[in-house]
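Paired with chain B in one complex and with chain C in the other, chain A is shared by the two complexes that follow.
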Partner chain A sequence: MADFKCEIIIEGKKNARDPEGETIMRDLMIKHGYDMVHSVRSGKILRVNLTAKDAKEAEAICWKMVNELRIYNPVAHSCTIKVLTE
Partner chain B sequence: MTQETVKKNELNLTKEEKEAVFTTLKRDLTLPEAAMLEVMNSEHCSYKSSRPVLPKLPTEGPQVICGPGEDAGVVDIGDGLALVFKLESHNHPSALDPYNGAATGIGGIIRDILCMGARPIGLLDSFRFGPLSNPHTKWLLKWVTKGVGDYGNCVGIANAGGEIEFDPSFQVNCLINVGCFGVMRKEELALSRATTPGDKLILLGGSTGRDGIGGASFASKNITDESESDRGAVQIGDPYMKKLIIDATLEAIQVGLVAGLKDLGAAGVTCSISETADAGGTGTEIDLEKIRIRESDMEPWEILVSESQERMFFIVKPENVEKISAIFKKYDLPYEILGTVTDSGHCVVKYKGQKIVDLPAHLLTKPPTTKRKTRKPKYLSKLDQKWLPKEPKVEEYNDLCRRLMASDNIISREWVYRQYDTEIGLHSVVKSGEGDAGVFRLQEFGTKRGVAVTFDGNSSQCYLDPYNGSAALLVEACCNIAAVGAKPLAFTDCLNFGNPEDPEVFWTFEKAVEGLADAAKVLEVPCVGGNVSFYNHDEANNVAVKPSPVVFVAGVLEDATKAVNKKLKAADEFIFLVGETKTELGGSEYAKVAYNSENGLVPQVDLSKAKLIIQDIIKVIKEGLVTACHDISKGGFFVALTEMALAGNLGFDINLRRIVADTERSDIKLFSETPARFIITTKEENIEKIIATFARHEIPASFLGKVSSEKRLVIQDKDKQLVNLSLDEINQVWKYRLEEEMEGKKEER
Partner chain C sequence: MKVIVIQFSGSTCDRDLVYAMREIMGWEVDLVWYKEVTHKLDNYDAIFLPGGFTYGDYLRAGVIAAYTPVMQEVKTLAKEGMPVFGICNGFQILVESQLLPGALIGNDTLRFSCKWVNLRVETSRSAATKLGVKGDLWRIPIAHGEGRYFIDEKGLKELIDNDQIVWRYVNEHSEPTKESNPNGSIDNIAGICNLEGNVVGLMPHPERAAESILSPWETDHGRLYFKSIENFHREMM
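Let's look at the complex of A and B:
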């Protein structure tokens, strides 16, 4: 068994609106002169440290967990899971 | 949708609908035209199944300013003011994405109030879920509550109340109905009409994306297994932009710059350009390229049917365009001038110099109705209306009462409404959880008057007897309004049913409408608007939701400070039961919780008597004779009185022997759900006046006992001691169970 660092990234689906990202772009970046910015998307990252047999199992645990506990909603969000280190 | 589908005539339209289109047009459709017709012919937009049935509802009365047909109902509340209110479902979106589904439900209902010209001041909600202990229910309840709370709190509109029912038939298809109300001066009424050719059409607010494409069509289908990944139907709300839209819109109305106003909900731009033209007897012509799109590769048909949130559609006289633009700029809101009102009777859309749509407006707004078959459901003939449980033994009552107070449909909803802002705007006099209806004062509008609002539904009774169940729920909602001292004025409804193509479902729908209609006529509480949600049917398990009409009744108090709540106020005050108790256990919480039975007789309301009781309750409250009032509904007399005790943190000591009932059985006196009954408390000096008031109409008002400073619930029937429970013990199970189900058990209280 070994320790793994996993990153669970939850974002709104590609074509869904993201009022938070839009506001950061419109009311912060562009208003302060960063008018080269033309898109900002917000999201959420969960860094999870866990113990598993191998990287494959670590990833599988993460997927099972996010689906079972409804940590993201497949209807509204996309989810990516990366195992960072062993 | 593609050009190919249109060419092959594989449109999602019935034979009659296609016939109506092609006999009028006598030519092939363009792709955008086909998309617009499909969405406007969907059940959600066209009301094709329900339209033949709905005219049964009475819609007129001296108080009605605007009845069904506009975006919300409008009633006169005196002092030059009008109340605007509406109730709508967001069932399908919330079943899949509870957070965004519920939030955009709130966003949509706020727009309906705003587009009549009123400032939205309060929100209500009604939820139906599967059993509370189920993990899926908890997931839905958690995110629906958060969605409603986040949107309502951010946009700054207070919650005024609501109701929740848990029942296995809502396991997959939850029902999320939301209501909003607002107030305006009568002359500020804005109508969704384009009456004058030459006027300009302006789109205000958010950009248009692929979100919510086909939302109305999606809401017109059963939920299937594939729905989890049914892309594109989810919309995301933006309450901060909505707040700016509300302020900008109201400012434009107040300075007289708005000739017509429509919100963009289901069917988006398509609905706006066609309904305003048809209602005003004009036509509309727009240039589609003017619309700001979020995804550069959007096709014209997608832009036309997109249901992107936070958009409003203005009709403005040409000379006012500059002035209204200045207001929109002040609020930093994007807008586009899309086109012009014409006298053609057609909706014309141009794109890149080409005319891509040219349809008569009425073809979009008045599609043919569908006559549905009806058949009395088989399950109804299996029910035993005469069923009565064996009378419980004296020693069983304490436990029965405990179980009832801890059951899904009785426990406190505080975990839900404490997530809502109930005070913002400083309007609330009777807040969520304090009384049978929410009461808002209208100081801001320069009057002493107050408005009272309530939601009600009873799917258990409507399932067993849709006619009487629906009649009873409208009576019950009017009783809620009366219980705070207000006069019920009108209602709007949301009729949530399964698949209308199923004759058994449609039979229940017809009966429910008849029940509502008959009650509304006698009570003189007309229907001023509504919404129908069909296809709440889980195909995978073949379960339709129980028939679930939900009503939103609004009333008025001449003096908002005279409103009463349900809290017991002081020891030694006298407790009275008003109204007659009947052996009516069908659909009751008692039958469900104690016997898991769906048998028994559903309450059969005496509507004329109910009307008199309501009038007299309002009278005694207005005269200041009542210190607390609560109407009896789910769980019967016992639950109602216990809720009063819990709210006031005082006990009671009563005897049931004076209850006027058609039975001697104590359990029926305690748990029957006969409507149009009230519990009131009063001071000794007012007893005679109260009895005399009710005696004029031969309404029983029975003295049962007193409020006690000792925090115990003590009930006797003649010489039998039935209940003796500690208030604190009941409080533990009643008040905290929902929170514990949602967040786990807490260590200490």
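Let's look at the complex of A and C:
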């Protein structure tokens, strides 16, 4: 068994407006010269440390957990899971 | 009527709700801490989930409360026809429990919004609008930061086709305009019910509008919400 650092990234779905992302882009980035930025989506990251047999199992545990415990609401959010390190 | 208000860690509108139902409506009301719901919930005529900020709204408003053991029992009873009502955070808990479809996400204004709004009753088939007529205008206040109702296109069509939209935010002329929508809710939705009409959630607070002294217009439209529930109960008997 080994320790793994996993990131659970929760973002709003593209068809749900993200006023926080829009404001960060419009009132901060573009206003301060970063006009090459054309899209910003805000979200939430849960950094989870867990013990698993291997990276594959670590990812499977995370997916099971996010779906079972509705860590994201699939109606409004999308979810990405990254296993970072062993 | 004998009802229960379930008080969670972070509920803040529970006592207002108890006051409205006990003092104004004259109902028998038990306010019970969520871990102490030891007596059978099916002894009650209805279950209420009050407003507040359960578990600090962490992760997403209502989601942690939705996983408490008492909510598993509420879910079972709701599916058997028990009337279940969620106000504000209670609505968020009902959505996160999947007793009601969709999601409640951050207001598009990025601000907590606390003000009076106009609601148009869209159906009288829900347990909380039995005495309403489609088109009635209710003045009821909101107080929330995560009240933007969202559902995908297919889900919205189903809500419309099944007559599950109970209230919409409208202007003084009963029109659901962008300006009258306080949080960016899709299709100006303020409250919905399940297919059977026994589970109803809304973001505005009828308990804060249940007597005329509370309203700038001396209205008591919140009372219609409770009177409707009383009527629904009578019909069920």
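To be clear about the criterion, the second predicted complex is superposed on the first by the 86 of 86 C-alpha atoms of A that agree within 3 Å, B and C clash if a C-alpha of one lies under 4 Å from a C-alpha of the other, contacts with A are read in each partner's own complex, and residues count from 1 in each chain.
In this section, a residue touches a chain if its C-beta (ideal position, glycine included) is under 8 Å from a C-beta of that chain, and two chains touch if they have at least 3 such contacts.
Since the model is a prediction, treat every value here as computed from it, not as a measurement.
Undergrad: Please indicate which partner A:Met1 is in contact with in the superposed arrangement: first for chain B, second for chain C, both, or neither.
TA: A:Met1 contacts neither chain B nor chain C.
Undergrad: Would you sort A:Ile71 into first (chain B), second (chain C), both or neither based on which partner it touches?
TA: A:Ile71: touches chain C, not chain B.
Undergrad: Counting only touches as set out at the top, which of chain B and chain C does A:Asn15 meet: first, second, both, neither?
TA: It touches chain B and chain C both.
Undergrad: Applying the touch criterion given at the start, work out whether A:Thr23 contacts chain B, chain C, both or neither, answering first, second, both or neither.
TA: A:Thr23 sits against chain B and chain C alike.
Undergrad: Is A:Met36 contacted by the first partner chain B, the second partner chain C, both or neither?
TA: After superposition on chain A, A:Met36 lies in contact with neither partner.
Undergrad: So which positions on chain A get touched by both chain B and chain C?
TA: Shared contact residues on chain A: 12-13, 15-17, 19, 23, 70, 73, 75-76.
Undergrad: Can you tell me which positions in chain A touch chain C when the two form their complex?
TA: It is residues 12-13, 15-17, 19-20, 23, 44, 69-71, 73, 75-77 of chain A that touch chain C.
Undergrad: What does chain A use to touch chain B in their complex?
TA: Residues 12-13, 15-19, 22-23, 70, 73-76.
Undergrad: Can you check the complex and tell me which residues of chain B touch chain A?
TA: Those in contact with chain A are residues 96-100, 139, 143, 206, 209-211, 228-232, 234-238, 240-241, 294-295, 308-309.
Undergrad: Quick one: which bits of chain C touch chain A in the complex? Just the residue numbers, please.
TA: It comes out as residues 59-60, 63, 66-67, 95-96, 101-103, 105-106, 108-110, 150-153, 155, 184.
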